[in-house]
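Please see the structure below; I have some questions.
Per-chain residue numbering starts at 1, and chain names A, B, C, D and E are given in the order in which the chains are listed.
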Amino acid sequence: MSNAVTPAPAVAKEESGGALSFYGIWLIAAAALVVLPLVFSSGGSLTSFSLIGIAIIFALSYNILLGQTGLLSFGHAVQYGLGGFLAVHAMNAVASHNWPIPLPVIPLVGGIGGMAFALLVGWVMTKRAGTVFAMISLGIGELVASSSLILRSVFGGESGITTDRTSLMPLFGWTFGPQIQVYYLIAFWVMVSAIAMYALTRTPLGRICNAVRDNPERVEFIGYDPHVVRYFAYMFAGLFAGIAGGLAAINFEIANSAYLGATQSGLVLFAAFIGGTAYFFGPILGAILVTYLQLGLTNVTSVWQLYFGIIFIAIVMFAPGGIAGILMKHRPLIRAGTLGTVIPSYLVAAIPTLALALGIILAIETVARFSGGDVINLLGIPFVATAPTTWAAAAVLVVGGFLVARITWRRIAEAWDRAATVARDRGYLA
Amino acid sequence: QESIKIGYIDPLSGGGASVGEGGLKTFQYLADELNAKGGILGHKVEIVPLDNKTNPQESLVQAQKAVDAGIHYITQGNGSSVGAALEDFVTKHNSRNPGKEVLYFNYAAVDPSMTNEKCSYWHFRWDANSDIKMEALTNYMKGQPSIKKVYLINMDYSFGQSVRTSARKMLGEKRPDIQVVGDELHPMLKVTDFSPYIAKIKASGADTVVTGNWGQDFALLLKAAADAGLKVNWYTYYAGGAGGPTAIKQTGLDHQVFQISEGIPNSGNKAAMDFEKDFRAKTGISVWYPRAVNEMRMFKAAAEKANSIDPVKVAAALEGMKFEVFDGGDGFMRKDDHQFFQPIIISSFGTLADKAKEPFDEENTGWGWHPVSRIDTDQTMLPTTCNMKRP
Amino acid sequence: MTAAIQVNAVEKSFGNVAIIRDLNLSVAKGERHAIIGPNGAGKSTTFNLISGYIKPTSGEIRLNGEVTSGLRPFEINRRGLSRSFQVTNVFARMTVWENVRCAVLWATGHRYAFWKNVDNLPEVKRRTAQILDDIHLSHRRDVPAGLLTYAEQRELEIGITIAGGASVIMLDEPTAGMSHAETERAVALIRRLTEGRTLVIVEHDMSVVFGLADRISVLVYGHIIASGTPEEIRGNPKVKEAYLGEEVD
Amino acid sequence: MAELIVISTLNGVLFGMLLFLLSSGLTVIFSMMGVLNFAHASFYMLGAFFGFQLTRWIGFWPALVIAPLLVGVVGMGVERYGLRNTHKHGHVAELLLTFGLAFAIEEIVSMIWGKSPVDYRVPAALDFPAFTVFSTNYPAYKIFMLVVSVVIFIALLVTLKRTRVGLIVQAALTHPSMVGHLGHNVGRVFMLVFGVGSALAGLAGVIAGPSLVTQSDMAALLGPILFVVIVFGGLGSLPGAFIASLLIGLIQTFAVALNGSLASVFGPLDPSLGASPLTDIWNVTIAQIAPILPYLLLVLVLIFRPMGLLGTRES
Amino acid sequence: MLEVRNLHAYYGKSHILQGVDLDIAAGEVVSLLGRNGVGRSTTVKAIMGEVPPQGTIRFKGQDIAGLPSHKIARLGLGYVPEHRDIFPSLTVRQNLILGIKDPRRPGKWRLQEMLDMFPNLARRADTPAGVLSGGEKQMLTTCRTLLGDPELMMIDEPTEGLAPLIVQQVGELIARIAKAGVAILLVEQKLSIAMKISNRVYIMGHGRVVFEGTPEQLKNNAAVREEWLEV
């Protein structure tokens, strides 16, 4: 199962040239992070941005394992959680001894925590890849999560351990009480971590990780010990997961067993995969999507879990390369300047597909609210769950939408072929 | 008039879902009731369900969401673990965001610490905390000579632990002759099959079990007892919850399961019983949380007294407020720790002698709750260690 | 002078089946040595033993005089031995360039470095580029190895093997499945690239064997039945009936 | 004490058997198709709810047959329209598909049957104490569960030995098209295998439903432990899964039954030490760590014997 | 028995087969020669439906173009792919067992005979096929397909990587198979064998058949050999 990574050929060849454009991307990203809260200033978006930032670091760290080294982990939350706990304890200690240590340093403590744990258990865990590793990580995950409920003095049992981020020494008058300040703290660390992790992929170690992912056996015959390589990867993943955990601890001012649990591990796996493990930036997209779904869906529907599930199934089935995979598919077309020829077919397809989606939503909500018999408000149109007209509408949308959509999807495929051929002829496509 | 939003932060998925759903129905019913009578100072009341999966950290995410959505009142009950986190949250939030205060109305998280060392000015609790309940429960048990061997089984978290410790302590004081033959803590909302625990209880030769288990952890516990045919007396906090009554009936423990609560369907109080009837008709469940009724009605009263829905003013008004509780009798919100005091009832579950006086059964078992002892408000007073920090 | 490879009385059995029986082999430094023998004779197994892929049941193997039997493949590789595989064995999802570069990294002393940027290691760049046009794949530089045609993959296989600059190169049927033209090209390539190095090669294509080898050992049922110059081997009757059969095309 | 031992053994064996019923299906799927089916427990839940509903309509015994079949059909559908298209994208994709499926199924179930436990009763025919040991009566139903599990075990052993299905699937994992060239209909075989696996889970649900709770979160409660069982027992080894189930069942029940803690053995620590991990470890009872033990086993086994108890291959 | 008309096949967009015509009569041995990459393997793959074919392919009078490959196989068309697709995790015996389409109706080849014919295989019968030597793998695949007793067998480069002696053996095996009345389409590099055992030869170039005739005719036609076989 070591090759269980999206087989979508990783043409992840970031131009070695174009250094300017390369630094440009990072600068733009940084700028974006700075202005974001000014653009969307509502309290809600601040909270989401903070959570997304944390999720991004976490997902990227996970991809060091899955995407770069081909290690499928079911227990990545362990490093995240331990990082969180360590951070909380650190904050409390700093506060009580009022050491002159400002809050922004704390995530590093978390990181060290995560790394230390990886250092500790990593060697035995990474002996093998594939299913064995996956299952050990599952075991360790559950083990640590449950133990955290027993070692009450360290983990505080069910209720966890709380802290007060404002009790540390202020930095340039920043107390980090207000969310905005926390946001910038997180944003800072997102930048630092993302750059660091990207850099890592460009190092000899990073490259050998890829080699180990593709063919660990062969790696042994070019002088490397795959075990050591995996161990390194595992530690770096731990480091950044820990940083993410530390930030979470700062954001929530609490750490509890849930940090370490299977749910967290599952979510990060989702985020990474959905985003696309074959590209560095994939997990970033995944993290954004997953976090938004988590926060957003619950507001609009009571059966959010169902949509959650459906969306993931859909992405896995129709975009196995993740969102990044889809986007990158268009890269050669853009280069070849043939993208324009496919766009129309997209627009055409969008309509029936949307109808189909709406139909499904309507159907689900109808069932969900049937007993209540209350009103579903879809695009401002009120539907009564118990009204046959509503069911009819749903049925029409689903069936009709599907039939039409199928045709338009074929259109896309054809348009694609044409565009791709041209691209191939112009030599932008292997 | 924009409406008053109350964030209901409780489990709507996972192990606590069944309990959380019950609570949600209750509050939505109560909101409708208030709105039918013109709402609060003309504002409609709206319950906003926020699923916290019985997880403190998730609860904070939800609480933050609530705040971001401009909500100033949150209510929660299922789990002191969560309760503690929320109490901490409102305290911090209110001190950091003056003018954006949030009040936390607690209807069931009964870990005593929340109104003692951890107490907060922004937290109000309408449920008697677990020490108060245990005090009353042990007072009753004191009078039961049949009790000789007691077995304690509780969920492994702050509430369960406080039940177990206070039980040991109080029984020790009041009935030194009673022998505690077992003291179990099991993982919270994770156990699928309790038969191993039942086997243990059985082996211990206990004649009485004291437990604070709730939700599926109670239902499953009794289901297992039923299967093994364990026949003992049960002194419980939450036997009335979903699944409990069914399991009790299956075991055939006629009036051997006791529950301590601030009210029961067959209270004998006309108003309350009419309410119960209508409530059951509309929601399909029985009133598990009379305290929730008190909470909402008292919220209205306080807002009107303060003639404002500004949380700060409401909080001030609530402090020390006297209030006639749902099924008669007077209660009041103690200023020192924001713990509400009210009459408490110990009831037993079984066949109902007089269907006219006691019309309500549970989960169509034909059995219902019958009061065996009633403790008046002043008897329930316990001192508090809280030194309240007022803004 | 010590032999590049010295195999002394090596035995290897899987379960109770003895595959390699009392194998003795000595390859002098700088020599081009071919191992031929019927299918299943144990040629690849011999490769596996020497390269540390499997451990001998008994006996000893020396690389440049140093005992290597019992070492892990990467340890042996670091001591200057590199091998290719009979079945193509490349890094499918990485580009041709990446494939070769990875093979260069350890040798150029960058090891597990996580503080250097691979893209500006001039030495690495130079060597990788060099290898690529040695194996005529420069034009396919950015194609994921998995998408190469079979013949191209075989060439990449060779490229990866020699990239580390090991002093001892072992190739297992490098030209299998290649056409005559491709084969000839491959042979030329191998000859040039292994100039001044020690080469051990397994082949069934006699034109390759006789065209390339200084010495030939014939392996039958895990035992060397004859060893000598191409002429000697051609003439050897034992070899004829065990392997060559009647004359070859 | 003797009483406790006997009862615990019985309970342990029983829980073990339930685990086996569940994991048997998973072993078939995981070891044959290599799919880490995280939705397996969800199929178990479906089984329970179908069982409940059908029992309402047509009685328990018909339900016992039909419900698993329905679940099997659902499973086949999942394989045919989901996994089959995902297979070529690797195991993680398959796994995430089942992940999402688990989410969806849980919500669908709670949409239809609500979140509170449904009243799924033991059939009257089996609702009597089979026997009584030390005044603890042992429900006939549990004996019934026991018998079913054993029967399944034997049936599976026989069929898996007999049929070439196992071989075909294994071969198809690496070279699907070649298997096709040899004249085997790979698609159908995969669908069949997955169907059977799901049906087994469904069966487990139908018979476990009444004795445990039938509730929309029952899947989540049992999910991970199943992987422990099959990995611990050894991938692809049915006997392994059987033994592992029993072992884990017994260990967990006995752990609960025991009261020991370091404190009870060596006496309490000096209170002056205050709260520390040491005191936690010192005072934790074996009962409390019961839930952890399986995972501890899993990790140890994987470290020291990666192919599991009776397994032959590592993945 | 097999009749291919105007067969086209594509990989993605690259047009590999550009109208191939082939005929094979029952019991006849036909070789398909040509340089690397001219599309010989693709031809057989297209016939087996592994690459989507366009054009008509008739087997025993039935149009099989576009059928799923297991259906084609069950019609009696056997295929031994190049680069030996053995099932590495299964033992040699299990590999052979999978060759048998229906254990209830055994064909004219018996598993035991196969093992007797190839002592190397017999010796390894219960080791995982993945560890077999290259040559053994080749024999295994051939035997495996035989066990499904096909009426026409398409073998792609059977002698690749085989020792000269074994090459002869394989040659003999093929002859043996042919004697048993099985028609054979042989895709080969090594002229010698092809010439020796086949009744007719086709030569492919640029995705088309560029020569058809008896080995004799080919021998005498230096021009064709020059242009299309580069020997």
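Methods note: a residue touches a chain if its C-beta (ideal position, glycine included) is under 8 Å from a C-beta of that chain, and two chains touch if they have at least 3 such contacts.
Just so we're on the same page, UniProt names per chain: A, D = Branched-chain amino acid ABC transporter permease; C, E = ABC transporter ATP-binding protein.
The structure displayed is predicted, hence computed values, not measured ones.
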{"item": "Farthest chain (mean CA position) relative to chain A", "value": "E"}
{"item": "Chain pair, most C-beta pairs within the contact cut-off", "value": "A-D"}
{"item": "Separation of chain C from chain E, taking each centre as the mean of its C-alpha atoms, in whole Å", "value": "30"}
{"item": "Chain A-chain B separation of Cα centroids, rounded to whole Å", "value": "39"}
{"item": "Inter-centroid spacing, chain E versus chain D (mean Cα positions, whole Å)", "value": "46"}
{"item": "Of all residues in chain E, the ones touching two or more other chains", "value": "none"}
{"item": "Chain D: positions in contact with at least two other chains", "value": "106, 288, 291"}
{"item": "Residues on chain A engaged by chain C in the complex (per definition of touch)", "value": "5, 7, 9-11, 13, 16, 199-200, 202-208, 210-211, 213-215, 217-225, 228-229, 232, 236, 430"}
{"item": "Contact footprint of chain B on chain D as seen in their complex", "value": "1, 3-4, 7-8, 11-12, 14-15, 106, 110, 114-117, 119, 129, 134-137, 139, 142, 211-213, 215-218, 220-222, 252-253, 256-257, 285, 287-288, 291"}
{"item": "Touch list for chain A against partner chain B, complex", "value": "42-44, 46-47, 51, 146, 149, 157-160, 162, 164, 166, 177-178, 252-256, 258-259, 295, 298-299, 302, 305"}
{"item": "Contact footprint of chain E on chain C as seen in their complex", "value": "14-15, 17, 36-41, 43-44, 86-87, 149-151, 173, 176-182, 204, 206, 242-246, 248-249"}
{"item": "Chain D residues within the chain E interface of the complex", "value": "164, 167-168, 170-171, 173-175, 177-186, 313"}
